[in-house]
Structure formats: C-alpha cells, structure tokens
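Order of writing sets the labels: A, B, C and D. Residues in every chain begin at 1.
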C-alpha cells in the first residue's frame, strides 16, 4: 500500500476544500488557534510514519485525553470500573444530564463528560500524584518526554467549568463520586490541557493497534482483551452523537477533541491522527473527518 | 484455527450455564417456542461450516430481517435513503417515540423499528411485488429456495402492531411516510415472519464478510463501500440499547432478533449465527450473546 | 360593576393593538378564516349579557369542545374516568408522546389531545349515537337548537389526523383504548368541528359558574363537586403549556381552541368568551388572552 | 359557617385514618420528627382562628418558605423577575434538570428548587443582609418576633445539597446565576430551615387572602395584582407534580413543604395550615392533603 501517495492525494483535496465549521469558542484560550492549520500523520505497524502539513505541531488534545485516562483506570480498577460507568452510546448531546437523572448517576460511557469525570474520580482516588502520573503515562507510551500541559488553556478552562461541576454534583447526589469536586475538576482540566502533535498521538495510540504493547520495544501496557474493549468503546462512543456517522463513513474506532484533533486506530495495521481546528455542528473536526473518510476509501479497507 | 474444537468448548459451557432470560411473549405465537433450543453455526470463508445443536432448525428471524431490507433499499435508493433515516445509535429503548418527536420524524437508524418501517416504506414504493421480491432476495443470497414465511406468526404479529402503527402515523404526520400505513405494516410483518436456520443465516450474511459477493459463485450483491456501511450500522446499532455492550464484549458487527437469533460478521473471516430463545432484559438472546463473546475470546481475535 | 364600560375600554384597546400571531394553518379549512375578526361576550349571573364585535358569529370551537366531552364522560363514568386519564399539567407541548410512553399510556389530563381521545373513547363506548348525543348535550346546555358541525372543517381535519392516530395507537398498545381507532377519530373530529358563537359559549359554560345548573331554569347538569373538578382542570390544564401564564395573568379557569376562541369562568360571578383567530406561539388566541387579562385587571377581581 | 364544628369532624376522621406515607429521610435531622404529630389552624378574615392538635408547635417550613422569598423578590425586582424564572407547571419531578437543559437555564417556576434558587440569587443580590432581612420579613408578616431558624436542620441540609449545587452550576453555565454558588446555597438552606407553627403560617399567609395587607393593622405588604400572581403560581405549581391533583381535590392555592406542612389560601375568606410529617410518594403531606380536601368538601366551597 503506497500510503504516502494516498496522503498526498488527501493533502491536495484538503487544500481546495471549503470549510463551514468554526473553531470552538467556549474556552477563550482555544478560540485563539489558527483555523487554517492542518496536520496528518499515519503510523503503520510495518512501515513507520507518513505525514503532511503541521503534523509535528502540538495542539490541545482535550477529549482525546479521555482514552488515556480510561486506559489507566482500567488497569487500576479492572472490570469494577464498569459498575460506575456504562459502555453504551449516549444518544444525543442533550442527554448527558437527562440520562444521568433517569439512570441514577451512572454515565452512559467513559467518553461523554460525565463518564470521563468518573474516570478522573477513580484516578484521583488511586494515584498519589494524579497529574504527574497521568503526564508520565502519556510521555511513556509516546516516548516523548517533553509533552506537557498548556497552563494558559488550563487556567482558561478551569474558570469555565460550571457544566462539569453540575455533572459532578449531580453524580455525587447519587453517590457515584468519592472525591472533592474541585480536586476532580482540577485534575480533569489538567488532562484535557495536555498538548501533543499528530505524530505523537499516532505514537501513543499505537498500543491500541498493536495488542496493548508499545511498538518500539514491545513493552506491555494493556492486555489484548482490554485493548479490544477500549477500541470497542471508541467505535461506539468516540464521537459524541456522531459516532454512528463516523463509523458509517470512516469505519475505524477513534476519538476526537474540541481542539480539532482526531486519532483513529486500525487494529493490526496502523494508527492515524489529523488536526484541523474548525469543528462541525456536532463538535468534531470537519476536515479531520473528511481526511479519515478519504483514507479508508482510498486504501479500500477499514475494520468492516 | 481449530474452530470445531472452540465450538465444542462453547457447547459444553452452554449446557451447564443457568439462564435467567425469558422468551418474548408480546407476540403470542412466538411465546410457544421451546426455550431450551440452542443452535450455532460458524461459516468460515476459508474452511466452510462448523456447527452444533439445532443449527439446521428454522426459527423466526424477526429483526434480523432488517439487515436484508436495508441492503435492498440501499441498492434501490442509494445515499438518498439516509436523508429519511439516520445512522446514529438511538440511546435507549424508550427513545424511539421521543426522538422521533424531537427530530421531526427522522428515525435514528434503520434497525430501530421506526427506521425499519421507513425502509419498508421505501421497498413498498420501489418494488412491484414487495413480499415476493423480498423473499426471493433472501432465498438468492442464502442459496436456499425453501425459505418461507411462517403465516401463523405473521397473523399473530399483524394483530399486535399498534406500537408500529403509532410510529408510522407519527412519521407520516411529519411527511416521512409515503405509502398507506396498513400496506407498510403488512409488508413489515411479512419480512419479520421469515424463518431461517443458523446455517442459512450464516450463508446469507456471508455477503457482508466477503466484500458484497456470494461466496459460492462470487455473484456481486452489494458494493464493498455499502458493505462497509451496513457492517458499521450493525456495529453501532445492531442491538438496540445494548449495542455498546455487545461491541464491548464480542467486538463484531451483528444483528439480533426477538426470536432469539443473532448473526455476526467478521469481515474477511467468517459469519456466525446462534439461536437461543430466552432474551435478556434488553431483548437480545442471553445465551447467544454469551456464545459469541466466548467465540471471540477463545479465538483471540475480533475486529478490534 | 359597570361591565359594559369595561368591555368598551377593552374594545378600544384591541382596535389599536398590533398582532404578531398567525392563524392556525395545519387544518387547511381553518386557515381560511378572516384574521381580523374579534368578538367578546360576558354573561353575568346577576345582570345578563354584555358584548362587542362579532360576538354572535359562530366559529370552530375545536379544543373548547373537550370541556363538554369531559363533562359528559364524568357523568357517565364517575371517578373511574380518572383511572384512565390523570389531572396533572403536562409540562410542555412535546411531552404528549414522551409522557405517554413513560407513563404507560395514561395521558396527563383530559385537555391534551391524548386525554381528550380517551374521553372520546369513553363516549363511544357509553353512548348509542355518540355524535348525535354530543351535539344534543351542547344544544341543551346552550339553549340553542341550531348549533351544528361544520362538515367542511370536519372533512379537512379528518384527513390530517395522523398525529392523533399515532396517539391512539400508542395508547392502544398499552391497553388504554377499547374501541376501533377510526371510530374514535371520527367522533373526536366531529366534536372539534362544532361551531358556536361567543355568546353561545358563554351560555354553555354558565353551568360551571352556576354550581352545575343552567341559569335560565336551574336544570341540574352536573353536581357541584364535579363542577369544582372541571374548573380545577381548566385552571391547571386549559391552555397547554401556557396554563401557568394564563393563570398568572388572567386568574380564571378557562379553555382555548385553535379556532381562536377562549372561554373562561368566574365561579359564582360570570362566564366570558372571546374570539380572535391569530394564535400566539403556544397555540392560544393572542388578543383573546390580552382581552381576558384586561377584564380581570379592570374589574379588579379574579378567583385569586 | 361553623368552622369549629367542621374542624372537629376532620379531627375525628384523621384520628381513625390509616397512614401509608413516610417521613422525609434525605435530610437526617428532619427524619427525627414524631410522625404522629398533627396540627391544623384555620384563620378566617371575619372570625379569627380555629384550631386543633399541635397547631402551636413549630416545625420546619422547608419549601413553604419559597412563597415568602418569591414575595420579597417580586417587590424588589418587579416583572423583571419573570425573565429569569417562568410561571409554568414543571410537569414531573424528574424534569427539573431535563427542562433546565432544554430551556437554557430558565426554571419553569419559582417553586421547583431550580426556580427558588434563582429567587434566592435575586435576594442575595438585592439585600444587604439577606438572612436577617428574610427572617425579619417573616416575623413582620406573622407578628411573631420569636420565629427563628433551626440551626441543626440548617447544618444537616447544608451538607446534603449536591443536587441543588448541580442545579445552580447548570444555571450558571447558562448565565442565569450571578452570585457565588456557596453563598446562594447558604441563604437558601437558611430560608428552608425556618420553623413556624400552623397558627403562625396561617397568620403569615393572610396577606394573600387579604389583598396584600396584614389583617391586624392593614399594613400593605404586596399590591393586589401581585397577590393575584402569587396565588396563581401557588395554584398551578405549589405541589410539584401533584399540583393538578391538589387543585382537583382541594380547589385552593397552596404550598407544601417536606417537613409535612401545607398552607392554603381562600382569597377573601381564610387561610388554613396543616402539619403532619408522613409524605405521600409525591412528597406532600398525606394527611394534610386529606384534611384540606375535607375542609372544602364540608364547607361546600372553594375558589371553583
């Protein structure tokens, strides 16, 4: 498979493609990003990296961090985790609070905010220095020791977290939150404010394409069974209420963030990351989704 | 891969496993089925059929028929179909009417009843003899000319279709239904009342594992791109509000029916069908889900 | 109290008042009404009728008919009726189907469509000639033998009743509907198509202001306890999701119809009817609500 | 009207009546109350007080306090208040968060918790010493300077206010909350922890039966137009999702609290208060509702 030629095709298509999406504005600091940035990196198990554009420039990974925190929590808590958070698609964006109320404080899945906050609560309970250990985990699976948090983004988000505080208080009223709410919010905002490049995201996600092991040295991070589960949750819940559309068009598990990043996994084959800040109305990178759809169309294969 | 030995293991586990589910009772005729029946058939692209139990006994395929009708409608209408029915998971069982009301008569996906009724409306519009042509399509992809409808089940369901009539009237009030409601209900009940065995279902679904072509003679039924889409919809929407759980535990696209059948697809590898009438609270075959989870665990591979 | 002078004031205010509402259009025949029509009639227990405008012109009473059918059903079935329909406000317009689904086919109150259809089902069960007997009841309490149905409106509505058919089928699936759906729809459309003038509505509603008896001859129609209940339901449920606003601004029980009519009751004092076709976004007569608010403000008394 | 004889009848009926309700337990301190306590006081404009049982014993007024805070806020802010909180019934108990999310942080009415918290936010903004001034207002309209907060209850509730914190954070995310969340919660818990007797509540509520003026000295507290509005809101929203039932059975505006108190108003006639701690499943005093229904049945008149 001539991946570089396929990426070249995608690059030329992206350059000509009009964009109607807009950059996320609810976090003031994120709104300042250059909307014309585009980067893409494909990391193949057999043949290494293919890239174009700003694939080495770091951006705010935001909700993509939920995959890393879920991975850590699964290793720390095992199946018990899924007594506190379910694995079903949530249906629609308005449902988070609705469903929490009907379903007694158990979030639908670990990738909606409510679920990611429960995962954060677990990490705050189980780790001595949650922030430091989270950052170390990301550095380790990426082999990139300079990865860090953008503290300006972190401060900006921290001041705008009333909705997340509402979710945590509601879940606490149902007995599903164990730590102090401010401590959880603080950790959660921290994990979302990590910055990585497309290339680094592809490297980090390689554990989900490679049976739970880092590709470089085959260090085991996660059991194959848990890899299957993380990928399955990405497939059904990775794109809010556009998970079906992504699955339908792209056919790969993946996770998006409001910073404009998306990382996808083709188990046994490759990982792929794109970055383009303008978001479609469902909150996913508009050009990012297009680029990934073209990838599985041009290569002619997906997991389906 | 020694599939027969794996199926033997599953058979011995199933025999000892207690069952808490109950047979579907809202259709009186379906309630008469023997709850202890169990059949399983795996159909491998490279090595043919593996079976145990009542794998040759026909049962009511019910909602599994929605995959066949979707396939026909995609071929007849192309992408236009997805302007009338979306491809997102629906969230929960109560949502069908709720979401239809909020979302102006556009069903969430083709596998909830509302969506399958829209697909039926399309077939009624596009086919001269919808019932006959539907049955012929199923016979053709299965290579089994004796497949037929159970008319006792058909009559029994036809008398209990108030909920489906409610869905159709609601969608008609939004302008998303074109044919007479009784005609659509009649066709829809017909398709649900088809009877097939596990082996026949595995044969029929082989087109979704084999890039859209029948395995025996490589007759093309569906384009590879549409195969990807059908499989993607099965993955995210094939099990009502348990789609996430099935994906999480089994890791394959599939579709269940209230008759107790489930058929799953491992693209490029095999199809597999199970039949066990007692349903779990979400309406999916309890032992069927267990058998498929054991299959991907014992083989050590799924699409993830 | 100089009611005529108060009505004169209201008339002069109404003439100058701009209108932003629009005439109901979902029933084609109703859309043809002259939007500038306005009529008002106040019928005082102690001092008779006061009027202005088109107070003698008949119009389509639509949902105001639900008060009459509820009255008949309460007399026929007694408290048993309230096992099949509740007496709580429904919250919002979208809730009808939502609540029916969550609450097992029991409508919130007799004035949302779902509830009025249950009342219609009761009348169809209990009356030999439901249409004739309904019309006779209305003629009797109004002392106006020429009241009749507008058959053009009736035909027009009958062809656009998919939403009501959806409600009936849903409630039938829960076992709360006993008669044939078309028969109920037919009767229900008939009752809604009755035409009356403001003056006739004020006369008919006098039984709710006069302890259940006609004013002219003190014929007993309804027990005082049931009068209290009908008035209470009008107060809390008479204006869809604007019941609170009407109660807040006007302070009287009442019932509106999409034909632009509203009739209100001040128990022990008077009844009052207004007619103005343009509806506000909640489906209630815009000028009608204003006129009634002015009435209780200028008289300085309401039930509160 | 021989009110004392009617109250005697009610007392004898209450003594024999079995109770299935239970005392509110979510606030530990409230759960300690003696469930057999019963008090009733009727305060007639023309003829003074009638009582039986523990009508002089103070209890936790809880949500009844929302009527007092609404009154203060209406005087401070005028109609502007109703841009921040609506006056419609909320439909059902689960709706609070659901509706807030759909309706952009504007609560349905001032008597659900979300609405009362907005009213509290207004008082915190407008008053120099909100707690002191609130208590002074209640003392003044009651003519009872010893009324006070139960600080044990206050502390107990303050520790269990996660649900209210969730509501406030959600409304703050929509821009409808101006003060610090802890400050609002603190004031709101304070107002709920006030203790009053049935006799004191009847005296306080006399302003709503007497056109806005205290009966003793005709001091004007509220304009007649605002009295109409407060009574209208009590009528449609005073009993959570049982407002329709209360209106239907009792036919008077009123407000209940989880401490087991209910106070009702017959404008121009009387106020009446009952206290009995066991609550029905909707959260209203079981015997209290019964006693008030008997009162309007035995007197033969209500506002309807």
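Methods note: a residue touches a chain if its C-beta (ideal position, glycine included) is under 8 Å from a C-beta of that chain, and two chains touch if they have at least 3 such contacts.
Composition by chain, UniProt nomenclature: A, B, C, D = Glutaminase.
All of these numbers come straight from a predicted model, not from anything done at the bench.
Under the touch definition stated at the top, subunit C and subunit D share no contacting partner at all. The distance from the centre of subunit A to the centre of subunit D, each centre being the mean of the chain's C-alpha atoms, comes to 48 Å.
Distance between chain centres (mean CA atoms), subunit A to subunit C: 55 Å.
Centre-to-centre separation between subunit A and subunit B, using Cα means, comes to 31 Å. Along subunit A, no residue makes contact with two or more other chains. Touching pairs of chains, sorted by label, consist of A-B, A-D, B-C, C-D. Those residues of subunit C whose C-beta lies close enough to touch subunit D in the complex are 86-92, 95, 99, 108-109, 224-225, 227-229, 231-233, 235-237, 241-245, 247-248, 251, 253, 267, 296-297, 300, 302-304.
By the touch criterion given at the top, residues 94, 97-98, 100-102, 162-163, 165-170, 172-173 of subunit A touch subunit D in their complex.
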